[in-house]
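The structure's right below; bear with me while I get my questions together.
A, B, C and D are the chain letters, set down in written order, and residue numbers restart from 1 in every chain.
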Amino acid sequence: MNLPKSLRKSKLLKEPEDLGFGTRLTESDERLINPDGSFNIDRIGLRSWTPYQSLVEMSWPKFFLVLLSFYSAVNFLFAFLYVLVGVENLAGAEDPALGMDLAEAFFFSVQTLTTVGYGAIHPLGLSANIVASLNALVGLMSFALMTGLFFARFAKPKAQVLFSSSALIAPYQDGWSFQFRIANKRNNQVINLRARMIMSWIEEKGGEKIRRYGQMDLELDQVSFFPLNWTIVHAINEGSPLNNRTQKDLERMNAEFLVLIEGYDETYAQMVHVNRSYSWRELQWHKRFKTMYHSSKGGRIVLDLSQIDELQ
Amino acid sequence: MNLPKSLRKSKLLKEPEDLGFGTRLTESDERLINPDGSFNIDRIGLRSWTPYQSLVEMSWPKFFLVLLSFYSAVNFLFAFLYVLVGVENLAGAEDPALGMDLAEAFFFSVQTLTTVGYGAIHPLGLSANIVASLNALVGLMSFALMTGLFFARFAKPKAQVLFSSSALIAPYQDGWSFQFRIANKRNNQVINLRARMIMSWIEEKGGEKIRRYGQMDLELDQVSFFPLNWTIVHAINEGSPLNNRTQKDLERMNAEFLVLIEGYDETYAQMVHVNRSYSWRELQWHKRFKTMYHSSKGGRIVLDLSQIDELQ
Amino acid sequence: MNLPKSLRKSKLLKEPEDLGFGTRLTESDERLINPDGSFNIDRIGLRSWTPYQSLVEMSWPKFFLVLLSFYSAVNFLFAFLYVLVGVENLAGAEDPALGMDLAEAFFFSVQTLTTVGYGAIHPLGLSANIVASLNALVGLMSFALMTGLFFARFAKPKAQVLFSSSALIAPYQDGWSFQFRIANKRNNQVINLRARMIMSWIEEKGGEKIRRYGQMDLELDQVSFFPLNWTIVHAINEGSPLNNRTQKDLERMNAEFLVLIEGYDETYAQMVHVNRSYSWRELQWHKRFKTMYHSSKGGRIVLDLSQIDELQ
Amino acid sequence: MNLPKSLRKSKLLKEPEDLGFGTRLTESDERLINPDGSFNIDRIGLRSWTPYQSLVEMSWPKFFLVLLSFYSAVNFLFAFLYVLVGVENLAGAEDPALGMDLAEAFFFSVQTLTTVGYGAIHPLGLSANIVASLNALVGLMSFALMTGLFFARFAKPKAQVLFSSSALIAPYQDGWSFQFRIANKRNNQVINLRARMIMSWIEEKGGEKIRRYGQMDLELDQVSFFPLNWTIVHAINEGSPLNNRTQKDLERMNAEFLVLIEGYDETYAQMVHVNRSYSWRELQWHKRFKTMYHSSKGGRIVLDLSQIDELQ
């Protein structure tokens, strides 16, 4: 039992193209990278939760919900405190239309927390003044957090790389090639773009399944600029893991083609990384991409992103 | 029809110096990189719009216009809400000089949104207080955005590299060289400066035009510091795409010289990238740059940026 | 006296794997890197103190304490100023419940510093108005600092790498290996993870102790993704500093195994570095790690972080 | 006249160790890098001024002066506007103690600009309300700038590398070496520290002076950690530009030793660069550094920064 394991283990470590997935992920129906770039993996146990990350990455509606709940909660908390020290210490808090003390205290807390401070209501006496002082301090600090998060979400860089929805087995020179293409959906400059491609498949080894990986060399793996689309081409030759593979083979092997793309985003002045994968199901055989740009009058080039999937 | 295409395609991928422009941009009158570093390319179709980017990159007048419009719009929105719940719920809102309810409500919203909250006007009753609470919250969040953008614009790093307005074919050792020079317009330190140069031209291949690229090796392609001007020199020898080219040749080939410069800006602690190109029209033949610095008394060096184009 | 010293010195400089610790740290009971990644070194003398760093790195309770003290201090300071210029210049400052002038001035300062400005109290006359103007300015600037620090602390990236609490001497291929494993506790993506390992030990050289270092080559020293656990393996062969070492040897040598891990954190868009060390005491001999993930129904993988130390 | 020039030019470009200073800086009394790391170079002409940079890099007193001037200026501006539309439109602005209209308007502007808004004074009528609305908007935007700059200054990373005030010609192995040492003044972690050293001197070439550069190879040019001091050693052998140089030689050559150090600062999560130079005047011959750390009880190491210059 031990030996084969340690052997498998050694094989894992010998796979130079192992991307960190290892050789054990062999459920035939799963893929390593989803089309959106995420992994099919759940963490349980000691996982640590980072509030900043969740608050920055949650959806906008959820974020605003959190915001509103927090806003109400803090104001209710202070409302209770004001009631505790006695609402009679809030001068001017006898709005007949409002009546209820707690409501008075709540809206006074709002006015203090947001530092609006109309003053129609204002604290009297030591205790009320102390609570109000804390109320304002808490307001400034917590709004620093909320507004900071709000801006961080708004300013968060997103690489907007458009992928062709399928990859092609296209004619190339006097043979065939694996091709897909990408384009920048944004008007910003992404520079020094690098691409890397790896084929992953499942193999029968002495009765047990093992996941294999193979580098797919690219004709061009880096471009300085990304003004147009970039067609990424892997020539299928002796060295290629695709060599002599038929459509049937790839299905049987549950072949998946992992794409790693990174570049430097000048708008956000940082590296951006995009991952994607094409499964054997997303391959089109013996097709070729149509050019997706043309010259307009005035000598400018027009890149039509909607044509990313146009084939011929 | 297909074969030559795939051939062209292969040639594209074989061009090691292709910067991402490909081989199809062959309108004789266009250039790849404008003097300001931008590209002659428009995106249409699925292009995605990033508000942050546009707001950070738009002109200052446009930004302030957006700011003012947003400011008025939000206040009008809340003004309507106050009118909806009844302006009679805004105590003290009976400024005779102002008269109109909407105006009252508008300026009360301003006072709440900005958290100034004079209090001469203040909300009464539940509904007015709720609107005011939202008004303040919206104010804090939206000002977080506006002020954040304002600061981001102000603090945005800009590489201030001054280029000689024309490139020279200058004597060099016992032959000729292609030269241009750059200087740092700012007083900050840009370090580990790297330069790269590529010549692009259009070629007739079997009846159809194709764009070619050729690396231009530099005598010195990196400097650790950038205290003075840097004269970037490409020696014209056998290896050079400029070898044996006459002025006429370059015009016929619509030659363009692409310059990629990157360095680390210490003030902003990040990499900065500058692109530029010189077209055959911006070449001066058989000239040489004048030194643009001299020693002042006190042993200091004076670099006179206004002399960047001084030739001899 | 000199010669041996200069020799030792030269040896220090010849140790290619010296990580910056040098060869003199030979107190047998100390370790170079604590389990938490810190060093056993104290700085005295000219060390310079950076307020930003301390305020960002101190514990949360301590930070809030600093915050509150600062808040009170500044308000007391301005309270004194108001008393100096005469509290009679603070209109409306005759709260019977509060009585004392200083208290009045203190809470007025709070209302001004936080820009709440109820207005029930407001300055009259030139001097009081000037103090109040400074009070508000100081408030805005100092809260900028406090809120900025608060957010910086909250948003500070932390690499959450979980290490197996002990390293193993595990079977590997037909021999033995040194192994430990790590996993990402967070759900964010850490990419391009690199690992480096160095063994450090103390040696008797001509009557005096000297600290030695030796590179430990890894079967795989880089992974593109970090979706699961990563078992880092050093094969024990001729080249290894562990070659033919018994448990007794390592104890005598006070062996320590230094681990340097770095990767790019996509949530915070920056490099993160984690250091750790395993001492000879934290070695387990002739054990092997249990797999810590399994396939759940639905073809997803479940990584159970609580099993990081499970052996077989 | 031309030929020698182009020859010199070529030599400039052939100096692989030229750091960007070129070969023309030959005033015998000047040094390239001042002890504080700055250059002896002034920019004139088209230099562009970046407000952000100046405001971040100016001294603290100067910054606060700018802050106060701006604060007063803006408030005076709005004060005039209020006077223009008539101070009678500022209800409650009849503070006898203050008297003068402009003063009233000024302090009302302060209360609006800082969003304190006591409300004792508040605008009446359309024009006054409009001015006040702008006043608050300008306040929020300009304070965003001022507070942002304030925080940026406070949080600006500074590499606090302590250099030995002089470099040594110290015994090394069976010969001599050029040595200096550095230590980290802060308690933060600087990692992956790299050092580079270049000797620069002035040479007589065919009647005219020219500046030369020569790489100085280091025994160890990189350390992973920087927990203690780092003694940087260049062995003087055949390859060294210092080979067979006497103290007199170096004086005649006006020798300067340029030091470039860079590392990754973990507190600020960015690269930091430090430059320094030692002139021939700052050399000490035939000395050796004393160790600057010792073990304290408890097995901790104590690094005494005040001993950086201790020699033996």
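Please note the rule applied: a residue touches a chain if its C-beta (ideal position, glycine included) is under 8 Å from a C-beta of that chain, and two chains touch if they have at least 3 such contacts.
None of the values given here were measured: they were computed from a predicted structure.
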Intersection of the contact lists for chain B and chain D: A, C
Intersection of the contact lists for chain A and chain B: C, D
Far-end chain from chain C, centres as C-alpha averages: B
Inter-copy rotation, chain A to chain C, in degrees (Cα atoms; steps of 5): 90
Interface numbering overlap (same over half, different under half) for chain C and chain D: different
From the options A-B, A-D or B-C, the pair that copies B-D, where over half of the contact pairs coincide: A-B
Chain C and chain D: spacing of chain centres that average the CA atoms, whole Å: 26
Chain B and chain C, separation of their C-alpha mean positions in angstrom: 37
Chain C: positions in contact with at least two other chains: 111, 115-119, 143, 148, 270
Touch list for chain C against partner chain B, complex: 115, 117-119
Residue numbers on chain D that touch chain C, as the complex places them: 67-68, 71, 75, 95, 97-98, 103, 107, 110-111, 114-120, 143, 146-148, 150-151, 154-155, 158, 160, 162, 170-173, 184-189, 191, 193, 219-220, 223-228, 230-231, 233, 264, 266-267, 269, 288, 291, 293, 295-296, 299-308
Of chain C, residues touching chain D in the complex: 2, 5-7, 9-10, 13-14, 16, 18-22, 24-25, 27, 29-30, 39-53, 56-57, 89, 91, 111-112, 115-119, 121-126, 129, 132-133, 136-137, 139-141, 143-145, 148, 152, 157, 196, 260, 268, 270-271, 273, 275
